[in-house]
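Dropping the structure in here first, questions after.
Chain lettering (A, B, C, D, E, F, G and H) follows the sequence in which the chains are written, and residue indices restart at 1 in each chain.
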Amino acid sequence: METDRLRTLLEQVAQGARSVDDALTALRDLPYQDLGFARIDHHRALRKGFPEVVFCQGKTPEQTAAIVAQLATRGRILATRASEAHYQAVQAVVPDAVYHTLARAITVGEIPLSPDAPYGVVLAAGTADIPVAEEAALTARMMGVRVETRYDVGVAGLHRLLEHLPLLHGAGGIVVVAGMEGALPSVVGGLVACPVIAVPTSVGYGAHFGGLAPLLTMLNSCAPGVAVVNIDNGFGAGYLLGRTLHTSIVPL
Amino acid sequence: METDRLRTLLEQVAQGARSVDDALTALRDLPYQDLGFARIDHHRALRKGFPEVVFCQGKTPEQTAAIVAQLATRGRILATRASEAHYQAVQAVVPDAVYHTLARAITVGEIPLSPDAPYGVVLAAGTADIPVAEEAALTARMMGVRVETRYDVGVAGLHRLLEHLPLLHGAGGIVVVAGMEGALPSVVGGLVACPVIAVPTSVGYGAHFGGLAPLLTMLNSCAPGVAVVNIDNGFGAGYLLGRTLHTSIVPL
Amino acid sequence: METDRLRTLLEQVAQGARSVDDALTALRDLPYQDLGFARIDHHRALRKGFPEVVFCQGKTPEQTAAIVAQLATRGRILATRASEAHYQAVQAVVPDAVYHTLARAITVGEIPLSPDAPYGVVLAAGTADIPVAEEAALTARMMGVRVETRYDVGVAGLHRLLEHLPLLHGAGGIVVVAGMEGALPSVVGGLVACPVIAVPTSVGYGAHFGGLAPLLTMLNSCAPGVAVVNIDNGFGAGYLLGRTLHTSIVPL
Amino acid sequence: METDRLRTLLEQVAQGARSVDDALTALRDLPYQDLGFARIDHHRALRKGFPEVVFCQGKTPEQTAAIVAQLATRGRILATRASEAHYQAVQAVVPDAVYHTLARAITVGEIPLSPDAPYGVVLAAGTADIPVAEEAALTARMMGVRVETRYDVGVAGLHRLLEHLPLLHGAGGIVVVAGMEGALPSVVGGLVACPVIAVPTSVGYGAHFGGLAPLLTMLNSCAPGVAVVNIDNGFGAGYLLGRTLHTSIVPL
Amino acid sequence: METDRLRTLLEQVAQGARSVDDALTALRDLPYQDLGFARIDHHRALRKGFPEVVFCQGKTPEQTAAIVAQLATRGRILATRASEAHYQAVQAVVPDAVYHTLARAITVGEIPLSPDAPYGVVLAAGTADIPVAEEAALTARMMGVRVETRYDVGVAGLHRLLEHLPLLHGAGGIVVVAGMEGALPSVVGGLVACPVIAVPTSVGYGAHFGGLAPLLTMLNSCAPGVAVVNIDNGFGAGYLLGRTLHTSIVPL
Amino acid sequence: METDRLRTLLEQVAQGARSVDDALTALRDLPYQDLGFARIDHHRALRKGFPEVVFCQGKTPEQTAAIVAQLATRGRILATRASEAHYQAVQAVVPDAVYHTLARAITVGEIPLSPDAPYGVVLAAGTADIPVAEEAALTARMMGVRVETRYDVGVAGLHRLLEHLPLLHGAGGIVVVAGMEGALPSVVGGLVACPVIAVPTSVGYGAHFGGLAPLLTMLNSCAPGVAVVNIDNGFGAGYLLGRTLHTSIVPL
Amino acid sequence: METDRLRTLLEQVAQGARSVDDALTALRDLPYQDLGFARIDHHRALRKGFPEVVFCQGKTPEQTAAIVAQLATRGRILATRASEAHYQAVQAVVPDAVYHTLARAITVGEIPLSPDAPYGVVLAAGTADIPVAEEAALTARMMGVRVETRYDVGVAGLHRLLEHLPLLHGAGGIVVVAGMEGALPSVVGGLVACPVIAVPTSVGYGAHFGGLAPLLTMLNSCAPGVAVVNIDNGFGAGYLLGRTLHTSIVPL
Amino acid sequence: METDRLRTLLEQVAQGARSVDDALTALRDLPYQDLGFARIDHHRALRKGFPEVVFCQGKTPEQTAAIVAQLATRGRILATRASEAHYQAVQAVVPDAVYHTLARAITVGEIPLSPDAPYGVVLAAGTADIPVAEEAALTARMMGVRVETRYDVGVAGLHRLLEHLPLLHGAGGIVVVAGMEGALPSVVGGLVACPVIAVPTSVGYGAHFGGLAPLLTMLNSCAPGVAVVNIDNGFGAGYLLGRTLHTSIVPL
């Protein structure tokens, strides 16, 4: 522990067991370790609302299980981009792990939510966008945020979106997931006053260029108050929704 | 006149004044000229509903005036991308030429329209898109098509668009002009049954890339029935609207 | 049914069974449902010429079969991007479903067409473009439009195209499908007066970039009257052809 | 007022002065107007924390002055991308208008802020990024949000950033403005728990491609909790910062 | 045969068996067929030096075999992008078909070449570029052109290229195939006076973007006299080499 | 003169005035100079048909004049991308210099051409493409090649092109210059047997991207025998046309 | 001074004037300042071989002069991207400032170089690349490195490059500046054993895309040992050359 | 041996056995072979610090084994992008070959390194970047350079990087490998004075575009002294690190 090391050093100086010059030399090396404990403070604040996160893609089921088993002693866990195979390996070592098929994620533990807490909303334009939307919703929930989801509310059938207006007006933040041309965030951004986090997806073909089309759409939104995360980045959007709602839940 | 030449040749053969072999040789050269008169037929059909068109950009006022003066003997004229300077040079030689400031176009002549003829609609998402929209509307009108325009009806304020729904439902074709993220054609395409012609504009900045963003948006529209023309191509969209409405106005 | 609900509410007010204030409150929620029945009206108009459509790509055969079985009670059906496996699952529950191998589509029902109705044309530049062309033709036919197809008429052998000129001149709209450099729509657009709907395909290699090359070609067409849909989007082009011809078939 | 019109209609039905069928017909037209008053509700909520906004770019000084003069009767005004010429025209008609040189913006009115209200932070990586940063800060302040700014804190000199860590840890949201390679938001995102809004700028040259480089950098940030707005879009970022902080200032 | 039909028609006119007006009408349809025989003339000229070509990619072995069997009655055949499976199907029906493994091509027939005929050269920068180079060499040979090949002569080891200078100086045209950064055509173009046809290949990785890098390199060549074909288009380059050398072999 | 130096060295060895070892050392440095005279040989061959070339863009009129004055002692000169100002400076020092306004080029000297020499053709699709086409034609002519030009023969009016078919069939090489969508080379490539050199131009707007659209079109041409040079590179195309025709004019 | 502050604090602890706990608290805030003096150490090391640098582009002459005047007290100065106007303002306040026209840079002071020190080489492919090359050479010289320059040695005339081989073989690092297709670094990288730093320039047109073409060429170099900096970034290349040679000049 | 051939020729001249003219003719062909032995000299210098290299990707295990077996007689070997299958084939013929699983490379032989030799450092931002980093480290080690590696030191957790500052300050060159947004080289470049070689990796998704995002980031680095190699090009970076350190280890 850095603080202990510092205390020892200072006590040695106070007791004359270490010269000032010698202590000065020792302290020159400290900055980086000091930064370390500044980070710990920061991490502590961060963990108030957030679980440990594991990105499974590119990891074997065995590697994933080993990591989750180690983290499981420290609190809640969210493992994203997880396959069934990842889950089976994890469950063998952490029996209370839960698999979320749509969100392709594994969780351990949760935060009980009050039904009248502020809430966020996650919208998906098409059914093919649902996996990304579920990843966003699950991420925010693991951060202790109440989340409502509404799917298949794309702009080609406006009435499907407009019937949810009261829900949208009450939200503290909205994640909007859309592939194809990605026009939904602009429409939502024009209807609400809370922050809108737009997530382009790779759902589309041809001049869609793997999500480039909805990405550009969202960046150029004519409605202010819309920010964008990477293509298919449901985790990032859910995380940001969680951060946004925490500013109203947890005193700064 | 090609037909005359052909008739003469055939009469020479019929009268024995030209051998079959000689006529055969003469005819081997005809195809390309023949194509010519096929084109003339076609041009005649085309001109039923269309004026002569001059693209002024890159031409000097003097060049433009010379061309318009020559065409003015043949009927209606539409000169697009025309500056004030172009107009002044044209008006000096064709006094009844009219300048349309917003559309940046010069016209000579017009077709009287019946107030209950089928009509097309031209929408513009933002005020900065109006010049392109006006060019489209003017082009279609010069083809004898009745056109209604509604501007500043972008998706960030849906109510501005929705109050025009009855007008949209009655249209035989709709041109939708939009810059920024270009989401308007998708929303319109979801509301109407007639063809929607989308025009991306270069209005925007940053990741707009000179109109690439709305272009991709429109090509990926989740609403079927939307086709796209080049960035800022108001003339092309208006021309296509004219063609589309002519299929119901003029018997094919 | 929304109209019935509205009628009941009004009758209750007329009969004094509901107060004006209470009815006012109930009506405040209506907009979105009202929009719903506006959509129904609209949908009804739309359906005059259009079947239900299912996009099979990304759906399992079982999902597709379930959706088609449900829709089959409502009228004609078009299921696009369908594999043989999709068809076998569908046919098990909807025995009169038909599979169109080239168009990769399943249909249920059809509209009898008069042989002298206005017609559209679908052209394909190369043989590899035929699946996209067939999807376009089938879509328009399912909307009640007569369609003629001519394939392998690319610009590298102009005579193959030019021998179909009379057919092209008589058409109410033409879909032109082309991969490689995508030059065919420009040539066709220069020959005819009706709307031309261009479809770039992903057929090509190298600097073709998955269809980007013909897409840009078509957007920059020097022939006016050409509009473009997404790469490989045969359905969208056929749908637009159907809409275009309906303006002359069905009174607006 | 829509509610009044509805009440009259219902009273007429209740009084037998209007038949149920007639009222039903009248109501079919209502949805779109109804949407209108839903919007009014929404606008009211929105205006709690936000001024009227004018985008001056592409408008003449005279047009800008006319718009500002009209809006000035309704409350606070923010006019962005304004030149000195815009300001002089505005000030002639709205004498208490203020010009913010760095932010290139005109404001009318302001909201007094309590010194211990929650605050946001706006960071700029380089001095050339300051105009965009100032636009962001001013926008958020005009929404009633307290904003701290720190400039020239780019990653090539980490100590300049790290000395502001306590300020960053206390913020409710941080806007990070960066051109060149745009690495700063990733570093900031790794240090704090609040939402980070990244703004790429067009400051750079060569393979910067007008801001594409930092845009991609920010979208791919390895630090979660970072969302991105369009290149040079200081207004959008400030607006989102304002929305984010309002969720903790104004009860939802 | 079009000429026969024309002759018959003219003879009928000469014999009074057909009126001039009737013949005129018949001739209006001729242009497009006439174009046909113009094409035949042209094709005849073309075939002096060229075989029939089949592009196998995307065709089944059975389809390929059927096409080759039909063409085999007309003369030499070149089938490109052919797999072993294509060859086995072809050989079953055309026993003297030859498979060229490196060039991935099937040939039937050949033109005997005089050893002192003018010759072309095909260079490949790296060993991985050899299949494209072999396709080019084989194509030109099937057109009756003598071709010398030199491989693995990339710019990172200039001496390997320079030892072939005398060969290069004597060539009537040079195809240069290169992946990676594609610098070889610039160096060759600076050393010789004959036309240089550059072929970028998809050999590379990372910022190579599937051949975009060498394509741009070759288009920007600082040595004049270099023209470029599509990425991996060995056939196109060989065909052009054949055309180029034919201008000196066969009188125009 | 390198050969002289070599001869002297060898004579010294023959006369015993220089030891073998000493000569060996001297020769180790020769390769690069030797390469020099290899280049001279090569240059001599090249100059049979080619003038000295100066690229004026980026050079001041004074610099250009100085270079031309120096070269004027050696033979014909071609100076491309030259403005009127460049010409005036040049003419002051080389009075018989000629300015070609359309081609934006200065020439000194010429080669008399026999009227029945083989010829090349330069086509331009639109009138705006003429400067690039003229640069190509002039370049080839300065190399001693007879060139025919035909302009405004774009694919939107096929008959304009087809009437020149006999001229095209007789050519030894054809340069095709086209902006917009750049479809003309594909059509020409399908009609002729000689090499086709395609030049995309920057004439266009919107999704034309400064010539990228016609460049991709030409690279993907479905007609074989088409090679491409850089956007607006009339000089390069004319140079290649010259090289191509020289293979039939000058014995290899 | 941070070290003084630390010493004082430690002395207070040693003298009992400050408690251990109090000192501990004070030290928790130190890391960031500590980092500061770590930076100072680092800066000191850095300055052994490097002047202060000012990037003038985007700064007014007055701003530039003010900055240079302030820095002039601390040692050598390099101001890049400086215009004549910048220089005049600087010279007014720092009379011994020198302007380097080709390099567009201002310097104050220099390091005397031993003529037999290790040296770097800066090559430029074309004369238009010289400004970037001069910026690189000047930057390295201001770091105390001996630099040889050779210009106009592009790959289209290999002999111009090869005559400098002995110079290249003796260099400790080589900067290669090239526009157009940017092939020179590949050729140089194949000839030498020292590090090659490639600089693409924006010199070119058409498919050059402002330097993208040579940038991709250099990144894909088939010769290992080549690294790339941003387009036109002569300063960055010279700086890296300086760093590279310092590893052999100054002990690490 | 070229020198022998030259000596013989000169001796023949000295002995009168060969005329000066005859020798002159023989020497005209020499330049290219002479260049050959210049290359040999150069290669000898190069091999002081470098092994033979084989790029296995695209080669069969058998081909690879054959090449390695042949090279094994000449000294150290490095075979990159090697699979387990490649290794097994190699080991069968070269038993002392070693497989480096992480680096995906095979080596034969090594250079013993003194523990206090100058050293380079290889950093990897994330664990997924380690294979590229290992390839870089192994390459440099095979060139006789001492290399330290530190992995998982990305910018989202600055303290992980900063604790290695003393190591970085002592290095003679640093390779920084990073995927995602690629910000690490900018931060490192701001901390050290030695050359930094940045390697973007293809690790990422969405708007990462296969490594384009970190590539642009690194090219636009705000810290000078950073050069970039191709995406995933660990070998190239390691090779350059080796070259850089050799300038201080081996006298030039």
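Definition applied: a residue touches a chain if its C-beta (ideal position, glycine included) is under 8 Å from a C-beta of that chain, and two chains touch if they have at least 3 such contacts.
These numbers were taken from a predicted model, which means no experiment stands behind them.
Novice: Listed by label, which chains are in contact with chain B and with chain G?
Specialist: A, D, E, F
Novice: Could you figure out which pair among F-H, A-G or C-E mirrors the D-G interface, over half of its contact pairs being identical by residue number?
Specialist: C-E
Novice: Which chain's centre, taken as the mean of its Cα atoms, is farthest from the centre of chain B?
Specialist: Centroid comparison gives H as the farthest chain from chain B.
Novice: With chain centres defined as C-alpha means, what is the inter-centre distance between chain C and chain H in Å?
Specialist: That gives a centre separation of 56 Å.
Novice: In angstrom, rounded to a whole number, how far apart do the mean CA points of chain A and chain D lie?
Specialist: 24
Novice: Would you kindly tell me how far, in whole Å, the mean C-alpha position of chain H lies from that of chain E?
Specialist: Here the centre of chain H sits 40 Å away from the centre of chain E.
Novice: List the centre-to-centre spacing of chain C and chain F in whole Å, with centres computed as mean CA coordinates.
Specialist: So the centre of chain C lies 50 Å away from the centre of chain F.
Novice: Enumerate the residues of chain E that touch no fewer than two other chains.
Specialist: 31-32, 35, 38, 157-158, 162, 165, 191, 206-208, 212, 215, 219-221, 230-231
Novice: For this entry, which pairs of chains touch?
Specialist: Listed by label, chains in contact pair as A-B, A-C, A-D, A-G, A-H, B-C, B-D, B-E, B-F, C-D, C-E, C-F, D-G, D-H, E-F, E-G, E-H, F-G, F-H, G-H.
Novice: For the complex, give me every residue of chain A touching chain B.
Specialist: For chain A paired with chain B, touching residues are 125-126, 154-158, 162, 180-183, 186-187, 189-191, 204, 206-209, 212-214, 216-223.
Novice: Can you tell me which positions in chain G touch chain H when the two form their complex?
Specialist: Listed in rising order, the residues of chain G that touch chain H are 35, 38, 42, 45-46, 48-50, 53, 118, 162, 165, 169-173, 191-195, 197, 215, 219-220, 224-231, 235-237, 239-240, 243-248, 252.
Novice: Within the complex, which stretch of chain C touches chain E?
Specialist: Its residues touching chain E are 128, 157-159, 162-163, 165-166, 205-208.
Novice: Flag every residue of chain G that touches chain A in the complex, lowest number first.
Specialist: Going by the criterion above, the answer is residues 3, 6-7, 10-11, 13-14, 16, 20, 23-24, 27-28, 30-31, 34-35, 37-38.
Novice: Which part of chain G faces chain D closely enough to touch in the complex?
Specialist: 31-33, 35-36, 38-39, 58, 200, 202, 210-212, 215, 230-233
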